[in-house]
Amino acid sequence: MAKIVTFGELMLRLSPPGYTRLFQTNLLEATFGGGEANVAVALANLGEDAAFVTKLPDNAVGQGAVSELRSFGVDVTKIVRGGSRMGVYYCEKGASQRSSTVLYDRAASAIAEAKKSDFDWDRILEGCKWFHITGITPALSEGMADISEDACKAAKAYGATVSCDLNFRKKLWSSQRAGQVMSRLMQYTDICVANEEDAEKVFGISAASTDIEGGKLDHEGYIEVARQLTERFGFKKVAITLRGSISASDNNWAAMLYGGGKAVFSKQYPVHIVDRVGGGDSFCSGLIYSLINGDDDRKAIEFATALSCLKHSIEGDFCRIGLQEVEGLLASGGSGRIQR
Amino acid sequence: MAKIVTFGELMLRLSPPGYTRLFQTNLLEATFGGGEANVAVALANLGEDAAFVTKLPDNAVGQGAVSELRSFGVDVTKIVRGGSRMGVYYCEKGASQRSSTVLYDRAASAIAEAKKSDFDWDRILEGCKWFHITGITPALSEGMADISEDACKAAKAYGATVSCDLNFRKKLWSSQRAGQVMSRLMQYTDICVANEEDAEKVFGISAASTDIEGGKLDHEGYIEVARQLTERFGFKKVAITLRGSISASDNNWAAMLYGGGKAVFSKQYPVHIVDRVGGGDSFCSGLIYSLINGDDDRKAIEFATALSCLKHSIEGDFCRIGLQEVEGLLASGGSGRIQR
Amino acid sequence: MAKIVTFGELMLRLSPPGYTRLFQTNLLEATFGGGEANVAVALANLGEDAAFVTKLPDNAVGQGAVSELRSFGVDVTKIVRGGSRMGVYYCEKGASQRSSTVLYDRAASAIAEAKKSDFDWDRILEGCKWFHITGITPALSEGMADISEDACKAAKAYGATVSCDLNFRKKLWSSQRAGQVMSRLMQYTDICVANEEDAEKVFGISAASTDIEGGKLDHEGYIEVARQLTERFGFKKVAITLRGSISASDNNWAAMLYGGGKAVFSKQYPVHIVDRVGGGDSFCSGLIYSLINGDDDRKAIEFATALSCLKHSIEGDFCRIGLQEVEGLLASGGSGRIQR
Amino acid sequence: MAKIVTFGELMLRLSPPGYTRLFQTNLLEATFGGGEANVAVALANLGEDAAFVTKLPDNAVGQGAVSELRSFGVDVTKIVRGGSRMGVYYCEKGASQRSSTVLYDRAASAIAEAKKSDFDWDRILEGCKWFHITGITPALSEGMADISEDACKAAKAYGATVSCDLNFRKKLWSSQRAGQVMSRLMQYTDICVANEEDAEKVFGISAASTDIEGGKLDHEGYIEVARQLTERFGFKKVAITLRGSISASDNNWAAMLYGGGKAVFSKQYPVHIVDRVGGGDSFCSGLIYSLINGDDDRKAIEFATALSCLKHSIEGDFCRIGLQEVEGLLASGGSGRIQR
Amino acid sequence: MAKIVTFGELMLRLSPPGYTRLFQTNLLEATFGGGEANVAVALANLGEDAAFVTKLPDNAVGQGAVSELRSFGVDVTKIVRGGSRMGVYYCEKGASQRSSTVLYDRAASAIAEAKKSDFDWDRILEGCKWFHITGITPALSEGMADISEDACKAAKAYGATVSCDLNFRKKLWSSQRAGQVMSRLMQYTDICVANEEDAEKVFGISAASTDIEGGKLDHEGYIEVARQLTERFGFKKVAITLRGSISASDNNWAAMLYGGGKAVFSKQYPVHIVDRVGGGDSFCSGLIYSLINGDDDRKAIEFATALSCLKHSIEGDFCRIGLQEVEGLLASGGSGRIQR
Amino acid sequence: MAKIVTFGELMLRLSPPGYTRLFQTNLLEATFGGGEANVAVALANLGEDAAFVTKLPDNAVGQGAVSELRSFGVDVTKIVRGGSRMGVYYCEKGASQRSSTVLYDRAASAIAEAKKSDFDWDRILEGCKWFHITGITPALSEGMADISEDACKAAKAYGATVSCDLNFRKKLWSSQRAGQVMSRLMQYTDICVANEEDAEKVFGISAASTDIEGGKLDHEGYIEVARQLTERFGFKKVAITLRGSISASDNNWAAMLYGGGKAVFSKQYPVHIVDRVGGGDSFCSGLIYSLINGDDDRKAIEFATALSCLKHSIEGDFCRIGLQEVEGLLASGGSGRIQR
């Protein structure tokens, strides 16, 4: 009976220490991560009641993932156990002009091979007020595309708000296939989240004249994208994250929330990056947190942007940030003075 | 044109540090290992010219494996690159009454999905004097069973000595299937290596009244097993390793070599275990090294047992032992006095 | 509504790595531990529904403890938050003739300064079938002596079985004070657990002629102690752990369970020690697990001894052993052969 | 007979590695630190004869602290041993918009519970030329307020120069109490050191219109503060450190020295932060070093600022910087070219 | 028969972890490095066939170096084994205003004490198309000055292109001695590489009015230096790296290539530094790679600068960068967006 | 004015972690060690006033060594600074049948190249009651042989007791040269310490029929050796350590003290080894401690053997054992029960 339910893939994340490359030393840092699980963890750390739904193998690796989620207080009782393996991703942290790299080892994962009958959405979504999914979940396999649609449909039927982060991954599917499948999910979606490129890659809706490399952001272009998305799918709100990538070490980070024909833009933060993976997921988490607690669009976009700004200073996928810290940043403006 | 060629699977090995359990800390020690690769590495460390043949994905994980083998001077030029992923195995080190555990994540590995056309045995085996394989290689898939037979047949045709370690793994195949496939390989095999249980599990040939738990060894029983194996398959020699398992921390280790109707037993070593994985592989390596260099059976079994005794003191799959160290142990008897 | 509830102190445990001494390197391994929490964790790892009750400060250190317990699936909803600090203990691992050392830093801990009103036993013990406490809990302060008695009394009133591990700590209180306070708790206790020395130190009941240093165990003496304890306090069962200390690296480990006038002794295990802290706690856990699931005394003492034998191979206070592993040891006798 | 004596608290500092949060991994980096000890260490590293006075428990943790100080050549012969525990502080390093956090665990520490009779100031201060204390020392307890006054008075009587860093900590005491106690110490103080906020928090003397968040510094305001402080307490010199906090990763760092009615401002350094804890302490150290060696105000403020600028690049509380490195920075201007 | 041969010193590199100082913790990171070996490794990582020639002791340290080189696929068959020891260098990473420091421990190294007869240049250089050396090699000893000249002469005789990085080290020799010896090598050199200071330090040819501390670069000055060098020694091309040192954490990085009377300047990269050691070596590697593959000057200088820009983000001496990554940077301009 | 002075070599010790081999991982544990320094440290840890004399380079490595010694409270004021480098030794820990190995890199060390004029023995030995040296010191170079004799002679002249551990190292000198040089030192020696082999290797005095590999000890043989040594050199006492090497993991450890025509043998301890380097040095330390404090031979040999038994459980060269721990072992007999 969790208030917020997220559904998707959880992977073992293996990273070489610091800025070393894979196998430069004999150690790998082993954590877990995945877009939808990241959202559940971030919400639990903010004090919300959140459940994560996936399928994990019934072995020590799957159990490690369950224990890790449980440590944050995420409700894991709806996780299905079975299948042969858990996806793995190898993540090298970039620096300066060297990009971070992510190498996926997802073949034959339990979640990609999950069956419709694995998930009893009536039982899972009982009492759910908010359901969150991303474009990665339906991209995992044809079966998962169908199951994702089932889930969204059921959530909608239960009266939950449905949010979806487009999260296009070109290694998982083509733009064409993504467009077809995601369009099916969009009919149940209330809040659509995208980064600067997703709308174009998935639906061919582009922000004219945006220069994502240069770190400059074109407000009008993003409003136009949000307007077109809203027209096509009837969303209540569209949120777009705006990452100005100066280098792998430094980014500018801001976001826009569009709804009811109006757009609000957040403050832009110059972030010195510790780990940028999960930045977008923490943005979704902040947005859900703020909206489910009744904030208006201005407050919601500032909260979501501040939370995700702070995530960039955290190692690993999971957003280990408490409510007080977000409020502190909103109040102080981010000078980073020591707290003692 | 390597003198010795081994063929099989190489996996990424992930182990939690020391005696911790999986995910008890956030670190995993990442190395590589696999029965046939272990043999190639051990032989290279003894100064032999050895090549390892497998199929590895053309990504950073596969490249890590290649670099690691290359660091030992193993010839990696015959490794085929392609396929989607590399097998992984998770290994927890046991202690006292707690057994070591090995969790395999082999689904969809490049080598299991390899095709006949991936390997040009004429090119690979040119100049080869000794070919080594284990029962794991044909167990990986039906295709690999056929490819393994091709390899043995080609090696035989080139005049190489063929050695095979039965290495039965119940998680890979049934005794029945193993018996069928391995019988096909045995027709090309000159030197058969087995542990106390393999002959029974694979061919139903048992060492009557052997108590493997109690650490007692029944010499007559093992001679009888070797005799039966030789009768059925016409081996030149049969070697059997004799592990007396007192606990996960302490084992007795010895071996027998049977050939020409006679058996010689090695000295038995009481080993205090650092890492027992690869113990049998280092035994095969020592046997190959000694026999290819013209030693008689007595010297060969003592050399092989001493090398593999020393392997138990080494972290990881790979046998990082030099020729001098084996000769030192054979000369000193193993008192372990400091060398300075 | 947890089935099993344990009550006591949880401390931050700081240990230098491996066999180094405190501050020999700049690293400390930070985990958590404490007799009663250890029991809750061990039971959760065996699949039982267990809650742990304590008082922890409402800061990042207390939260770290809660998260760690939560990762095992222990019910933490009854933990009271408040107070100024959490106890810390520094633990150096011994080896060979050098003993392990434990240095407590417990002054002014939240649990020692807890008040009666902090714990609402009606709410905490609702639905509880088994309540476990040790002699450390009432030893922490005068207030905790009273609160411990309240807890036992309430548990008894709810129909729960009450078990108590005497766990005498001479640094916390004198034998005289221990005898007075523990006698009050004993009136509610069904199952009393002790080591070779506790009965004498707390109640002056001694096992005549036992030589605990020499590793020899006097069966008759222990039966006599259990008989006297039972006579004085009317226990249903008395369990005594029998540690034969050969060195800091090697111990013999066995136990006795006495009930209904009869004693059963477990198999004795020669254990090569990874970490002996929490050995007695895992014994209690195994005993509770076996008895609450209806086993007879013979099965219960073998199960409890096997579980705690395995604990000695685990780093940290917590018993990270699954049901299958205990059953494996009971079936195999402990040869420690690799599981693959 | 040390030339320079500092008096105060030394704590065990526990920090999670890198930018991880507390208990994100199982490791803590254990060092020691505390304002006055930091000054003694920095001075010893510059080649001065410095003693540190405190009270530490007579156990392995206290001994670890003594050994650490001793490794730098700090005179530890005046440290009193006794009491129950040593204060601990947990320090998470911040990054970008996430602030560093410090969590104190000081209850019942040996130094806070020290008694007047613990310190024989005649013996301790024999031959002392400079005595340094900070506002943390008297804030630890009422007893320590009195003892601090004793110490300053005795130092003054011995003819030593007395320096005091106001170092206001709101978690230790209120502004009101700080003002009362510090005013007593100020009557013995020759050199007063403060950061941008201390003068206002302790004595209600404010730098009008200074925007400490924005990184802008108002020279006139700081001069005004120094003038008022000098008027009220008759200091020989007042030094104010000027930290412009851009983020937790980047600060601007400069300082002012006021004396004889004139102020000199140092060069401002843009610092990319490794560890900012102890920045102010290293400033005091540089100031003491320069003044005790007869430098004029201009040289002293540049030396102190350069030393403390370099401290920001050092892990831990202690300023591990040699004289040559400060002189190198003063000469080069800080381009950070490799030294080889 | 390697296509590219480099000749020089390889040292064991010992670095304290992260930004700690030497012996601040008990760990040292042990890798290997040296100007000419770095070039061979970088070229092997780009896919070229490269051999490294040196003399290393025939012990476990020398073998560790050989294995490390071998892991990259560098041809190590021409390394001479013998001598008493291998040079060591201790490297502390700087940050902000604190410079990186390098402490050499080269006395009595095998390479410095090498004899002419150790190297059979006919055998070594057979089939060589490009020979690379730096000013460190002849600086190691008088014998090495002669041997270096032999090598260059032989390479020239075999028709190889000879490149030389001036690489002046004031701790190894005086400007005067460097000028004499390097002039002898210059007569065989086709491509001369230098940093902003080398030409002046070695040959007294200066770039008038260049302010290397201020990060500003004077194009005309560098062209003038290249012109003078070309006039004096008849080089085909002169390359000059242009490092603008803002701090130990941030540099600007660019380069110039002069040939046929014309100069081309690369793009300038603002680099946030992970490890700057080996930056110049990776520049040489990129230049060799590009020129040996037929690129024009414009492409060559951009390739070399991009590769060496990326090297600054890599831990250790060795340039662990693949061809695709350089091409990615040249295409993208360095925004460092995550690759997934 | 230290009471006890030791003189010799201090080296940087580099060890791969745990049981890994050199360069198996990228980490080395960096500590310091050397026979005579080990004795000074052990004595300081027992509470004695001890100084260590050597020559160390005036760089960061030499300073690291000084700081480490200083942390134990060893008097370092008599260490001479200068010379080009510090000796290094690489130490791989053995296990089971694999011996520990030590690889020395001592060429051109400051101490080996020290000159007579470096040491002012009058100043150094003022107030000295006991002077200790080992056979390593004079073996370092011809100069050091002379300097060692100077030191012994001066100590004798000052009335100090002189102890010498023969400590024969075949990699440093031949038996013949050792015999010549050590005979010169023996004329000043009061207490001679040797292991089972030293007397034969240095002076050709053998313990007839001793089987050092088998772990059996021949009491009569050792008495005979001590008697012969005493006759030849006129020692007050001769101590011989008796190591029965079962394997690299397990040794038996005992010792004999012979004086006044009588021999006393210590208890024999079965030691499970953590690090055996420095075992003999800790024995010397215990012997010096006990004799300088007036114990009789029986107490002295038991104390020295107990201290050195405990050293085998300590990582690194240095004997980190306090007086209480030795007394605890002497009282308890070594059962290794936890101290809490």
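Couple of notes before you dig in:
Letters A, B, C, D, E and F mark the chains in the order given here, with residues in each chain numbered from 1 onward.
The criterion applied here is as follows: a contact is a pair of C-beta atoms (placed from the backbone, for glycine too) under 8 Å apart; a residue touches a chain by one contact, two chains touch by 3 or more.
Being a predicted model, the structure only gives us computed values, none of them experimental.
The chain with its CA mean position farthest from that of chain B is D. Counting C-beta pairs in contact, the pair that comes out ahead of the other among A-B and B-C is B-C. Copies chain D and chain F of the same chain sequence form an interface built mainly from equivalent positions, shared numbers / all numbers used being over half. In this assembly, the C-alpha centroid of chain A lies 62 Å from the C-alpha centroid of chain F.
Measuring from the averaged C-alpha position of chain C to that of chain D gives a distance of 45 Å. The set of chain E residues touching two or more other chains comprises 18, 21, 24, 26-27, 67-68, 101. Shown here, the protein chains touch in all possible pairs. The touching residues of chain B, when paired with chain C in their complex, are 18-21, 24, 94-102, 104, 169, 171, 212-213, 215, 245-250, 276-277.
By the touch criterion stated above, chain F contacts chain E in their complex at residues 14, 21-23, 26-31, 59-61, 64, 67-68, 84-85, 88, 90, 92, 101, 103, 105, 107-108.
Within the complex formed with chain E, the residues of chain C that make contact are 24-27. Chain C contributes residues 67-68, 70-73 to its touches with chain A in the complex. By the touch criterion given at the top, residues 18, 269-274, 306, 309-310, 312-316, 320-321, 325, 328-329, 332-340 of chain C touch chain B in their complex.
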